[in-house]
Amino acid sequence: MNAPLVIFFVLAAIAVLGAVSLIVQRHPIHSALSLIVVMVALAGLYLLMGAEFVAAVQIIVYGGAIMVLFIFVIMLLNAGEEERTNFSKLALYAGIPLAVAVTGLIAAALVNSRVAAALPPAGPATLTSTRTLSTLLFTEFVYPFELTSFLILVAILGAIVLAQREN
Amino acid sequence: MVPTNYYLLLSAILFGLGIVAFVFKRNIITIFMAIELMLNAVNLAFVAFSQARGKPDGEVFVLFVIIVAAAEAAVGLGIIILTARNRRSLNVESVNLLKL
Amino acid sequence: MESLNQVMLQNVFHVLPELVWCGFGVLLMLLQPFLKSRQALTFLAMIGAAAGTLVTFSTIAGSGFSGLIQFDTFSLFFHWLVGLISFLVILASDSYLEREGLDGAEFYALILFATAGMGVLASAQELLTAFIGLEMSSIASYILAGYRRDSIKSSESAMKYFLLGSFATAFFLYGIALIYGVAGSTNVAAIADVSPNSTLLRLGLTLILVGLGFKVAAAPFQIWTPDVYEGAPTPVTALFSAGPKAATFALLLRIFSTVHAATDFWFWAFWILAVLTMFAGNLGAIVQNNVKRMLAYSSIAHAGYTLVAFAAISFVRPDADAVAPAYAAVLFYLASYALVSVGAFTVVSEVGGQGERYLTYDDYAGLGMRQPFAAAALSLFLLSLLGLPITAGFFGKLYIFTAAIKSNLVWLAVLMAANSVIGAYYYFRLIVVMYMREYKGTVPADASKGLSPTAAMVVTVAALITLYLGLAPNHVLGIVLTQPLMLSAR
Amino acid sequence: MPILEHLWIIPLLPLLGSAINGLLGWKWPNKIVHSVALGSTGLSFACALEAVREFLANGQQTFRKEFFDWIVAGAFRAGFDLQFDQLTVVMVLVVTGVGFLIHIYSTGYMAHEEGYFRFFSYLNLFMFFMLILVLAANFVLLFVGWEGVGLCSYLLIGFYFLKKSATNAGNKAFIVNRIGDFGFMLGMFLLFRTFHTLDFAAIFAQAGPLPAEALGQFGVLTVACILLFVGATGKSAQIPLYVWLPDAMEGPTPVSALIHAATMVTAGVYVVARSHVLFTHAPTAMYIVAIIGCATAFFAATIGLVQSDIKKVLAYSTVSQLGYMFLGCGVGAFGAGIFHLMTHAFFKALLFLSAGSVIHAMGGEQDMWHMGGLASKIKVTFWCMLFGTIAIAGFPPFAAFFSKDAILFAAFNHEPGGKVLYTVGLLAAVLTSFYMFRLIWLTFFGQKRYDEHHVHVHESPLNMTVPLMILAFLSLTGGWFALPAFWGGKDYFAEFLSPVFGAAETAAGETAQSLEHILSFVAVAAAAVGLAVAWRMYAKDVKHGKSEGLHKLLYNKYYVDELYHVAIVAPLIWISRNVLWKVVDVGVIDGTVNGIANGTTAVGNTVRQTQSGNTRSYAVWVLVGAVVVFGIIFWPILRPALFEGMW
Amino acid sequence: MALNGHLLTFLVFFPAAGALALLWLRGDDELWIRRFALVVSGIEFVASLLMLRAVPIGQSGYSLEEFAKWIPSPAINYHMGVDGISLFLVILTTFLTPICVLASWKGVHFRIKEFHVMLLLLEVGVVGVFLSLDMFLFFLFWEIMLIPMAFLIGIWGHDRRIYAAVKFVIYTMAGSILMLVGIIWLYNATGTFDLPTIQAMIHSGQLQLSERSETILFLAFFVAFAIKVPLFPLHTWLPDAHVEAPTAGSIILAGVLLKMGTYGMIRFCLPLFPEASHRAAPYVAVLAIIGIIYGALVALVQPNLKKLVAYSSVSHLGFVVLGIFAFREISMQGAVYQMLAHGISTGALFLLVGMLHDRRHTFEISDYGGLCIPMPRLAAFFLFVALSSMGLPMLNGFVGEFLILLGTYQAHWHWAAWAATGVILSACYLLWSYQRVFFGEVTHQKNRQLEDTSARENWMLVALAVVILWMGVGSPFFTRRFAAPCKAVIEQMNPKVMHEAAVPLMAVPQDEVHAENLAERLAAR
């Protein structure tokens, strides 16, 4: 029972608990906050694996930008507690079981896959420098990278189109 | 050292929790959060694999995913605002004009 | 460094169409303040679409960007297809936007970006690139679906499409992640080398199929389609039914043609999905009273027919000689269906009138007298959907039947036949309504003034191509038939 | 030999007449119309005579000629082939001759009727088909005439198409005949199957050498003959298909005379005689013919006893006389049968025409109970009718005496069972003379039972009476061909026909000579008995008492029509309407078709329910799909996992 | 004849060209539209007569063949040809079309242009079906023909026209789509759509079909044809379609369209799947016989004159199917002849019924009665046609029925025996209905002043009557031409079975030996 394992379990527990609380919380703000918790926990795990750049991005972009955006919107629409309506009988009765089933199947498949088992443990042993990432980003993956720029453009466009008031 | 399997299992669980959240929550915004949660799970898997294989490109993918997530967030929240504006409710179940 | 630029430059030539489309998208945004008249924007957008399609002639075949991109006749075909579709949709949207009082620049830009995304999908050789392309087209689609901001339906359709779409995307992405895990790369070529009896690969492909199945609206993932299609602005619906679907099928084909494991895993999945989809679509359509929604259901049904061909493909070994016709069947069918549905939806959007109010069968009663041209064109499209000879749809069906029977999927063929009959019922019913029912006066006279010139153009083009494909399919078929060979010779 | 070579002229002439009248007659005055009709028939009569002359001139060579192919398919050929032999001679002369007379008669009788041209057009058409029938050299062409005369009888019975009863009778006649034809066709098919041809000559040539089939054994020939005979029963009104003939009296009287007495109804006898070669090889069939004929003769006679409609009496007597002819054929005396056919043609035509003349005189009255005492008023008619009556009753030296005698004699000599046939036949003879004289007395004697203020009895014009007289003469002399046979001479008629029937004629040895005399005296005695009883009952005035018991049964023709209606017609219609159409067709079959359509729609509606419009449900559906896909793709792994319970 | 090279092409596409030209006419000058259509169809008819010279008598195989590559893969070729069987069916079509134009001269009075366009397009489809030698082409025309027919019913029909039209289309399509699957299966097995080629392959044994697959293929084709015929119990679309269709529609429908089914059986089912046909024959025959009797009985009790005629078609076509599936040369020729005869007779019947409807606007028999008085000519024609339809000798109906029954009897006497009852019943329903419509006193005042046939109508009726008579008397003119092809079909069917041509017994009548073994045969029975 070495240190990394302990840290892993702690962070994993936090992440899972965060996710659960995201579900059980009634108020969107609380859900958002619990999601942030999850993300931070994940960032920790990334660090644990030695992917510190990703961890940073996770914190800054995800936990920072995106979630802030969420909270901002929640505030804007001053969304209150969600009323737990059950118009969808299907979701009421089959929803959770099916979700669990899917999860179970995926997990089972994962656990039983020889490949996954054979993988060497992911650890800081292989520490990826930001340099290598950027090189990859600008040589091998330059095309998708450029495309993402257009993607962002589309997103901005969308925000303009959708959120603008009627003129 | 933490076996990769653990990470994968965790990602699977988070992904599953994301699904649960998606079908369980009623508030559109939280449902959207559920999607973000699922994406995070995917990211975890990516990082885990890339670290295990010692191939950095997995982390590049994570960056891409985050960018996409950001874009989706922008558009998604725009749509949510639009919906909320059109019908004064954020309950996804009340949005059922189109049916049958 | 010099050499690197050379490589770059050369690479660019593999992706010219996407660049052109995106470029024109940006250009539209930039020029919006200066171009006051919508016609000008439309024109520019059309030029963009056309240019993007035409530059394919100057693209260089082969793989580029370190194997992320594979530009071959296969992707060439799809570039033409999506290019043509977006061109027609833009042309058709002109009058629509005017009628609904929506501003054009963003609309066209989004269409162009979406087109670019589809282009990426069509030529992506690497899953993450494909994912980006998918997202480009999807996100643009989400926005387009909700483009009529003041319409509750439109926003609802946008919301549903967005939520469920990203939900499915998550599955797709997870699948990619797993495949990355097993293959150490997301390049299709690399995946092909993975031992087919790896559980992880199986799981990955499963999740990918879920994600893509959602995009192509295969039952039971078709569930979102009718609502989204009905709510979206009709030209956008036309785009949805034709473009993204075709592009997604392209990606599926790409995976198929390379990853044998996929064909093994997916055969029965496709068999069952095909049957479910056909029935879901046709049975749903048969009870509709809303033409737009009926067409939405019918698009599901046609996705089902396409899946039959997929089942046929996945049944035969990729090197068997039967595979070429099967691929040809898919491509030809997609092409024929895309054109027909664009045409049909255009007519619907024109007949719908301001605010898309007149969409029910009753509103179509006696259309043959009120708008002979529109009615005739729509009938032609319906007959093509129905699969009547000398229309494109007939040959599409024929090739799929042929493919299915070549792969000894007789029962699938018979089920498809049964579905065609069900389809015949509701398509013919609309024709009956248009020509044999008396006009009940539900539609005010002003709403039923013939097609706008632009729409008429679109309809004419679509109709002519439909007939052309129905009379001389061999030309297009020639191209289509050569390409799978290119594919398998990867 | 101009005419024989162009035998087709004989039938063609009436056809032309019919066509001309039918197409143009409606705008012509009666004179032109009937001159066309008479011209064509008369001419064809003349041609017939000339043909006969030529035939006799070249030594009675059976003449046969194929004019053109009518139907050719594979090995089957039915040509327009005509043949001319002794049997044909008799028939052609009867048809054209009697036909011509009746044409003349009709010019008077129909003078004041609507549709004069229609009548003669039909009549000529009938002549055409009848001549085809008798001249045909193969079964198929014979069948043409066979059906054709049926058609004409349908048209002429329904001539007064405003009368429901008339058109009903027409339909009845045609349909009942069709039932017979059904048998006739099957007979032809069987013959073709056996002999691979339907030519008379060819078939008989092959059948000739065949052994006669043992009694009681149903060989091919027996079946074929029976089937042919079924056709004959239809056409010649034998049990059980006789029912149409009495109703056929709805037609104008000349029609009754020509078609339903003299010519058409004898077609059946003709066919049996024509294919005697087959019949002689099928004793069982022969027996059936004889028995049916005999039974009909008696049965119909009994009904004739009590009828009050003058034409009905004659109708039933016709049925009965036809029965005699079949009896003759059945016992192998084909010659006698044909002989009786000829004489019957004369006297029955005579009787009908006279009856017509009576009706004409009475202004359309047909019920004998509203007549009486006419003898003094319409002498010619009376005498003619009397001649006819004596003739049919079988008093020497009138025609029927010889012919009926020959038949009964043949029946008597027939072994086994001939005696029974003979006795029944004799009884029928008694009945015949009874109801005929009853008719005479009721009509011509006693006091008037009609209202003179309304009915102005008047003798018919010459164009009606002259044919009567001619026929009267014929029915007196018609039988004398056989006269010499009495003092050991030879029966010229039989001898003339012998080339056709050959040995078929049951030879009468000299021992039979005396027997024959005895039998003929018995026959005359029988006729006398009938006469006596009739005189006893009807000579003095009688009231038309209400009928009950046996009389009622007879008067209502044993309720056979009603029986047929209840047993066959009504159920058929009822089942067709209420079961086949309303239940099976509309309900079951079309119901299934529409049911499938509605079922599909219903399923569609349920499928549609899944589109609840609720995003959460949709998400669940996606999950369902995911599970399904997972299940399918992982099946190879899941199966062992699930069923062998191991991961 | 300059056309001779491409006569068939001309025949198929000339009406289409006519239809196109018609579109350019102004919609409102009705008279010219009608005249134009009449001229076009007339020319078509004359042109179709040219085929008579080209089709050689006494030898099977196709004449005037035309061949052109159309689609390389799947190899679809434009292959046309005519033989004795299709020859007369085409002529029948081209003969009936002008009559249809004339028939709707007064009957159709709105959207006249569209009407005639549809009529001509229909002719294209039907002629194409009869002339195609490429299965794919056949199917193509087969499907195309649906739409104009459906429009004819659905637009110019009567009250329940839409129901009838939809039923007609869906029903037929349900059958034909399966046939398409069958065709493709064959293509998959042979690599060609070319009918003669496939036939050759099958009979050279080059193409071996397993019993199961042959049966399935046979059914795929047969069901499609049986629906078209229509064979009991697939017939229920017919009464609806007929009753609702306008006169012209009914004429073509009864006259020609139904024949496409039986034609298909002769062309495809028998030659391509001989074994399966043999296996199926008993069942088919039973259905056909049921159809004959059932159709007649149901016709007997129809209160609706047009429905009555429709059901009579079911009965008559039953004869045809029976004749085909008796596999005898005689019955086969009879079947073909009956197809033609029925086309003329029933076409004429529908024409006459249509004339009554034009005047009185009802099909109910009870609304008529005593029509002999106001309209003697029409009554006469009606009787004539009715007689021909009930198979009176010397009229067209007899030859076919007789040959069918005769031939069938040679093979299976009990089939013929059952079927022959149809002869009785046909007399029943026709005469009974005729009596109720034309005989008796005039019951409805409306019927008193109905005017008799006009000159135009007389011409149509006379033309039909002449054909009826000619076909009744001069049948060899027709049979000579399709004898050889029928024989060929039969021989392909059963090369080993000696059919009745084999030994004419009467060849040596005097020969004792022969007489003896005939005697033995008789005794054996």
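Going in written order, the chains are labelled A, B, C, D and E, and every chain counts its residues from 1.
In this text, a contact is a pair of C-beta atoms (placed from the backbone, for glycine too) under 8 Å apart; a residue touches a chain by one contact, two chains touch by 3 or more.
Just so you know, these numbers come straight off a predicted model, no measurement behind them.
Any chain that touches chain B and also touches chain D is listed here: A, C. The greatest number of inter-chain C-beta pairs in contact is found between A-B. Farthest chain from chain C (centres taken as the mean of C-alpha atoms): D.
Central chain by Cα centroid: E, whose mean Cα position is closest to the mean of all protein Cα atoms. Of all chains, the one whose CA centroid is most distant from that of chain A is D. Separation between the centroids of chain A and chain B, computed from CA atoms only, is 6 Å. Here the spacing of chain B and chain C, counted between their Cα centres, is 26 Å.
Rounded to a whole number, the gap between the C-alpha centres of chain A and chain E is 72 angstrom. The distance from the centre of chain B to the centre of chain E, each centre being the mean of the chain's C-alpha atoms, comes to 67 Å. Under the contact definition stated at the top, the residues of chain B that touch 2 or more other chains are 8, 15, 18-19, 22-23, 26, 31-32, 48-50, 52-53, 57, 64, 68, 71-72, 75, 78-80, 82, 92-93, 95-99. Chain contacts: chain C has residues 128, 132, 135, 139, 142-143, 146, 149-150, 158-160, 163, 167, 174, 178, 181, 199, 202, 207, 226-227, 425 touching two or more partner chains.
Touching of two or more other chains is recorded for residues 170 of chain E.
You'll find the chains touch as A-B, A-C, A-D, B-C, B-D, C-D, C-E, D-E. Touching chain D in their complex are the following residues of chain B: 19, 22-23, 26, 31, 92-93, 95-100. Taken in their complex, chain B has these residues touching chain A: 1-10, 12-27, 29-30, 32-34, 36-37, 40, 43-44, 47-54, 56-57, 59-60, 62-64, 66-75, 77-82, 84, 90-91, 93-94, 96.
Residues of chain C that touch chain E in their complex: 325, 383, 388-390, 394, 398-399, 401-402, 405-406, 410, 413-414, 417, 420-421, 424-425, 428-429, 432, 435-437, 472-474, 477-478, 481.
Listed in rising order, the residues of chain E touching chain D in the complex are 167, 170-171, 233, 235-237, 294, 297-298, 300-302, 328-330, 333-334, 370, 372, 376, 387, 392-394, 398-399, 402-403, 405-407, 409-410, 413, 416-417, 420-421, 423-424, 427-428, 431-432, 435, 438-441, 473, 475-476, 479-480, 483, 487, 499-501, 503-506, 509-510, 512, 515, 518-519, 522-523, 525. Put simply, chain A touches chain C in their complex at residues 106, 109-110, 112-116, 119, 139-144, 147-148, 150-151, 153-155, 157-158, 160-162, 164, 166.
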